[in-house]
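Letters A, B, C and D mark the chains in the order given here, with residues in each chain numbered from 1 onward.
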Amino acid sequence: MAKQVRIGLVGYQFMGKAHSNAYRQLHRFFPELGVEPVLKALCGRSEEKVKAAAEKFGFESYETDYRKLVERDDIDIIDIVTPGDTHVEIAIAAAKAGKMVFCEKPLASSVDKVQVMCDAVNAAGVRNATCFNYRGVPAVKLAKQMIQDGVLGKIYHWRSVYLQDWIVDPNFPIVWRLQGDIAGSGSHGDLVAHSIDLAHYLVGDITEVCGMMDTFIKQRPILAESDDRLGGKASDEMGDVTVDDSSIFLARFANGAVGTFEATRMAAGRKNHNKFEINGSKGSIVFNMERMNELEYYNHDDPAELKGFRTIQTTDGCHPYTGNYWPIGHIIGYEHTFINLIHDMLQAWESGAEFHPDFNDGLKCQKVLDAVKSSSDTRTWKGV
Amino acid sequence: MAKQVRIGLVGYQFMGKAHSNAYRQLHRFFPELGVEPVLKALCGRSEEKVKAAAEKFGFESYETDYRKLVERDDIDIIDIVTPGDTHVEIAIAAAKAGKMVFCEKPLASSVDKVQVMCDAVNAAGVRNATCFNYRGVPAVKLAKQMIQDGVLGKIYHWRSVYLQDWIVDPNFPIVWRLQGDIAGSGSHGDLVAHSIDLAHYLVGDITEVCGMMDTFIKQRPILAESDDRLGGKASDEMGDVTVDDSSIFLARFANGAVGTFEATRMAAGRKNHNKFEINGSKGSIVFNMERMNELEYYNHDDPAELKGFRTIQTTDGCHPYTGNYWPIGHIIGYEHTFINLIHDMLQAWESGAEFHPDFNDGLKCQKVLDAVKSSSDTRTWKGV
Amino acid sequence: MAKQVRIGLVGYQFMGKAHSNAYRQLHRFFPELGVEPVLKALCGRSEEKVKAAAEKFGFESYETDYRKLVERDDIDIIDIVTPGDTHVEIAIAAAKAGKMVFCEKPLASSVDKVQVMCDAVNAAGVRNATCFNYRGVPAVKLAKQMIQDGVLGKIYHWRSVYLQDWIVDPNFPIVWRLQGDIAGSGSHGDLVAHSIDLAHYLVGDITEVCGMMDTFIKQRPILAESDDRLGGKASDEMGDVTVDDSSIFLARFANGAVGTFEATRMAAGRKNHNKFEINGSKGSIVFNMERMNELEYYNHDDPAELKGFRTIQTTDGCHPYTGNYWPIGHIIGYEHTFINLIHDMLQAWESGAEFHPDFNDGLKCQKVLDAVKSSSDTRTWKGV
Amino acid sequence: MAKQVRIGLVGYQFMGKAHSNAYRQLHRFFPELGVEPVLKALCGRSEEKVKAAAEKFGFESYETDYRKLVERDDIDIIDIVTPGDTHVEIAIAAAKAGKMVFCEKPLASSVDKVQVMCDAVNAAGVRNATCFNYRGVPAVKLAKQMIQDGVLGKIYHWRSVYLQDWIVDPNFPIVWRLQGDIAGSGSHGDLVAHSIDLAHYLVGDITEVCGMMDTFIKQRPILAESDDRLGGKASDEMGDVTVDDSSIFLARFANGAVGTFEATRMAAGRKNHNKFEINGSKGSIVFNMERMNELEYYNHDDPAELKGFRTIQTTDGCHPYTGNYWPIGHIIGYEHTFINLIHDMLQAWESGAEFHPDFNDGLKCQKVLDAVKSSSDTRTWKGV
């Protein structure tokens, strides 16, 4: 009989749907884990909406105040998927209430705020994790293993882009992700944050950065009504866009590697083009989230006339996670990255092992984000 | 409040896992459907195994005899995912008991047997469907719409391959899919059956065929123990492989198009390479299940200097099904093809609309399969 | 000082341009060959046109009657690139005159006619070659070496398509390649002939075939005036198309492999899509002429988690031919296939070594072409 | 009768071969141009080597002193393809002698030196051009036309990488391209220079940059003997590498676009991966020199459900240059970029039209190169 772990989820939009699904599905695909999440309570400010969402996602109950949620005895983990400006207070409350905390990235909009969150969980001594879900991609975990095993040799280059195009239309309205006071930043915290974490995970610590952040379309229609994907209806009135459209920077890593990072929401044709390439002395790898079931790999030591980038379909039983899903060649999707990450998190938390990405990894990421912002403002390199 | 439809599932291996998952997930992604499947009972001959599987998949109860299952009052749909040699008797029993019947492909191992199944559901007047799940791929449904709308013009060519490599190793044991008395055939009924249905769906009726079926490795180790993916442990003893390794044929369609079909399990490097290309007078499309979130499309009427195959990421809100999942660019996987197909099936059954693929579509597919087999035996063209 | 070999070329359209270019360039890229072609004379029936072409291509002189050309003492090799219906008489005349003969494919429109050509060169004891230029692609020669070295193991599958779309428009006029009395056949002799030769070269002898040949558009405008690419101007009058639009067949090889061949000029979006895939017990390869500087290769013996099709850029110094061109990654094009093939031909002829593809290889190809035609007519398998 | 233009070429290694080939081939493919280059004289310091090269490339004569070459009355154009440290003096001498000057990039190793070259050609009033040969790629010229026609709308992003891997092996010797006193720089002047020119050509003026240049392997074996590709034999002695392995920078364009540039010779698996992507308000394009016969294009205005990056095969008669080569789908290669560029240069020079890229374009490129170098040294943004 699997041990139950009871989830209290704060937030019910896109990420709420993704997290709920992961909890529901985890035990179905990983029954040997021995831990089964239970969707105990969903929390949101609008009773009407949170009630409907709770029913839709399969929660047993709902709350309209996170302060009540964190105090409930029947909750083990507080999972925070609200817009970024609310993470700090919820995480602190959860930590104080002794709950394990799982929070969406970016943890907050500045190092100071994230530091407060870290301090809170450390003071409370509670388990904590940041939802850098792309660590849960089989191909990414395979990449990690390859690098750890020395398959790529010494790393020289990191090269990432995270390209989207959902706001190319100048009449796309100012949804919350385009509002600085709520979202903190634009592609910066939303997209580059993922790339930074992947670089930390795969290459190592970033020591200094030099960046530029831009907003190409400075005014857009004010939002009339949001939908549950990423968009919404535009009103007739215009307003200021207070976040960046693109965030681009150069970086140096502690191990001597150099890197480029670019994120934008203005790359026509790119949908969720979260791509990176790593070049090392013994080989290279390339990953693109749009084809997340594949990892490209070049082995510098292959016979001279037979060298080339190979496309590994990371769906075999020997690949990370995928033996728990379907036979080889039968792909998984975006939602499974959450299942996989939560699997690793709960496995570690159960066994008492260290788990990454935790809040400290979120802090490390935020330090880079802040340094890039500062670099962009001052037009110089900044140490992290 | 969604209306409940109660599922009795017979079989609990790979396909049992896929179907169960689809039923569990359907309402989460398509709450507006108004129908919610309930996993009422799972059926299998081994009590130990079926009990464990029922728990794993989330069924309320289990049965060890399908005859008892079909008689239960609390079951609305009998879903059959057992090996092919048992479909006929179960489907007949279900029909006689007045249950709706959903059955995995191929329905049976010959036209005669499938005809009996069709007769049974017709006589009983029960709803029926065949699980050609690839009709539930967004890109495939988009292809269907494009062809219906005349986007490709008059169709000239169908060209499909369904390539796998899981038995390239001559020491891969004789699992049930390699046993003719259970599976009926090899790549023929397992893989080409899918391609035939897709061709029927997208291009139209096949009128005659000429084929060749081959078994390259005629003896393999007898199976010691199967696993729940596609493989198992080999014993020391050798046995005869009684199914085809590859099935290849030429075809003519009623509308004048010509086609090629090829399926094999001996194509090193191909994992689930279910690919087709259609060439018409106004354009072409290409689909590959390994990249199921993409559809390639060539528009013959594009400006001369800007013509080329484009890769459509079929993940936008305007594409079939995908608006119910994640934002654009966030891919879905193999399992969602079942959710989508079952969505369409239940939607049709609820509304009283005709649904395809039904048993008759399974029969149409079987007629082609039988004609190919006969053609291969007699080395001539065969009408369908 | 390189030894000169003097060329008399009959024909000056597309292929005349390609062959002339190859002769002119050969010595520049392969100076170590020790043989330098000299463009001695160009031959064509229209004095005005052949004179202009001779000047354009760089020939020293021209002739308007091939009978005069073959008698000239200052010619060593007669190269025939005229439309197919004239190959026989020219080749016979050349052979009788003791000239080495190099002829475009298909050699003629039937086995009987090709046999006469073979008899003529054999009787005369003259060197002879068929211009299956795709044997001169670096990736194809690499494939040959890999197969000879056992890299792919036992071959199970050959799968080729040769797809074009230049006659998809029903108003494309009846150029000579669409006239049966001149061209012999359509995609059959023009395209599938190449695939057959590649299959012979890479896999081995074809023993039996079963095919279907189709003409989708049976009437087209009569040609008013041809251009020097593949097209021309349409007149107002309609005429019958007397060649096939597509030629498709199944095949069995002497070594137990099975194959599919398809050629069509009606595949919208495909330009020169000459593609094949070979699956063997140890690996697979894929080649596409549109990306002729690449060869895809899957090694079944790679580590389990790192298996995948790799894209070899066949431009390294260690690859066939390419060390004589440019540094790695700097691609060559279509025209170099002729240079490479002629290089190998002249090298063999100089050294006294056997050379393939010779007329006998052209005959072998024609036997398959004829068998497919016969099979298509009789709707049964035909031995080759 | 075509007018002859007489070429004096200084240098005979890789680029000498490429330029000679282009001159020899130009008239064959572009007879309507009305200008035919004549390979009059080749110049190099070693009589033995230059004599052999002149014979190999097809020059009528040779010189061992460029000062004698520039004075010859039978020379119209001085073409300079020597290592970078000699460009200045040769170009000045040629200009003073009233010759038209065509020079390989980078023109020299600093803005000051290039300015001197510009002054010299301006003072002499002679025609001049810089060999940014990638402007001669059909796909690149198509891209230029598309952008000029507004097909991409307002440009937001330029994103280029120029990746090679020929020095990944730490034992690769210090050829002249790795010697700062001869080459000026490493990937900086050799590779990024190309990307900068393409960005100037396609997007517009770069106004400021921020870069980092790195040498990962600081010591390598001293060269024993060079070959005529890019490599050579290593001696036993080690020496300092005095050029950069990689050069990476951020850029701002005058029109508001932002860009990233990266060049490296340490990207395992990348051979001549000269790739760029441009994102505009109406669409995007992607080009990769390794597949130089293709241009990827995304049209933001395509119907919503049919949007996607399309791969244009730029080999049709309607595409730039390619109508002069082979039928559609029959690709050209690296060498043809030189033919095409020289075609445009001679066409402009004959007609009296302005031609780009001229020395001034080389200067513009050098200004960016110098600014990046300065930025890398000072760790700040630099205006161009």
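Everything that follows uses one rule, which is that a residue touches a chain if its C-beta (ideal position, glycine included) is under 8 Å from a C-beta of that chain, and two chains touch if they have at least 3 such contacts.
By chain, with names taken from UniProt: A, B, C, D = Putative dehydrogenase.
Values in this document were obtained by computation on a predicted structure and should not be read as measured data.
In terms of the distance between Cα centroids, chain C (Putative dehydrogenase) is separated most widely from A.
For chain pairs B-D and A-D, the one joined by more C-beta pairs in contact is A-D.
In this assembly, the C-alpha centroid of chain A (Putative dehydrogenase) lies 35 Å from the C-alpha centroid of chain B (Putative dehydrogenase).
Averaged C-alpha coordinates give centres for chain A (Putative dehydrogenase) and chain D (Putative dehydrogenase) that are 41 Å from one another.
One inter-chain figure worth recording: chain B (Putative dehydrogenase) and chain D (Putative dehydrogenase) are separated by 54 Å, centre to centre, where each centre is the mean of the chain's CA atoms.
Counting partner chains per residue, chain B (Putative dehydrogenase) has residues 270, 298, 307-309, 313, 316 touching two or more of them.
Remark: chain C (Putative dehydrogenase) residues 156-157, 159, 161, 163, 165, 168, 170, 210-212, 214, 216, 245-246, 248-250, 252, 256, 258, 260, 262, 264, 266-270, 277, 279-284, 298, 300, 307-309, 379-381 touch chain B (Putative dehydrogenase) in the complex. Those residues of chain B (Putative dehydrogenase) that touch chain D (Putative dehydrogenase) in the shared complex are 142, 146, 294-299, 302, 304-313, 316, 318-319.
Of all residues in chain A (Putative dehydrogenase), only 14, 18, 20-21, 24-25, 28, 31, 56-58, 164, 166, 229-230, 270-273, 289-293, 313, 315-317, 323, 325-336 touch chain B (Putative dehydrogenase) in the complex they form.
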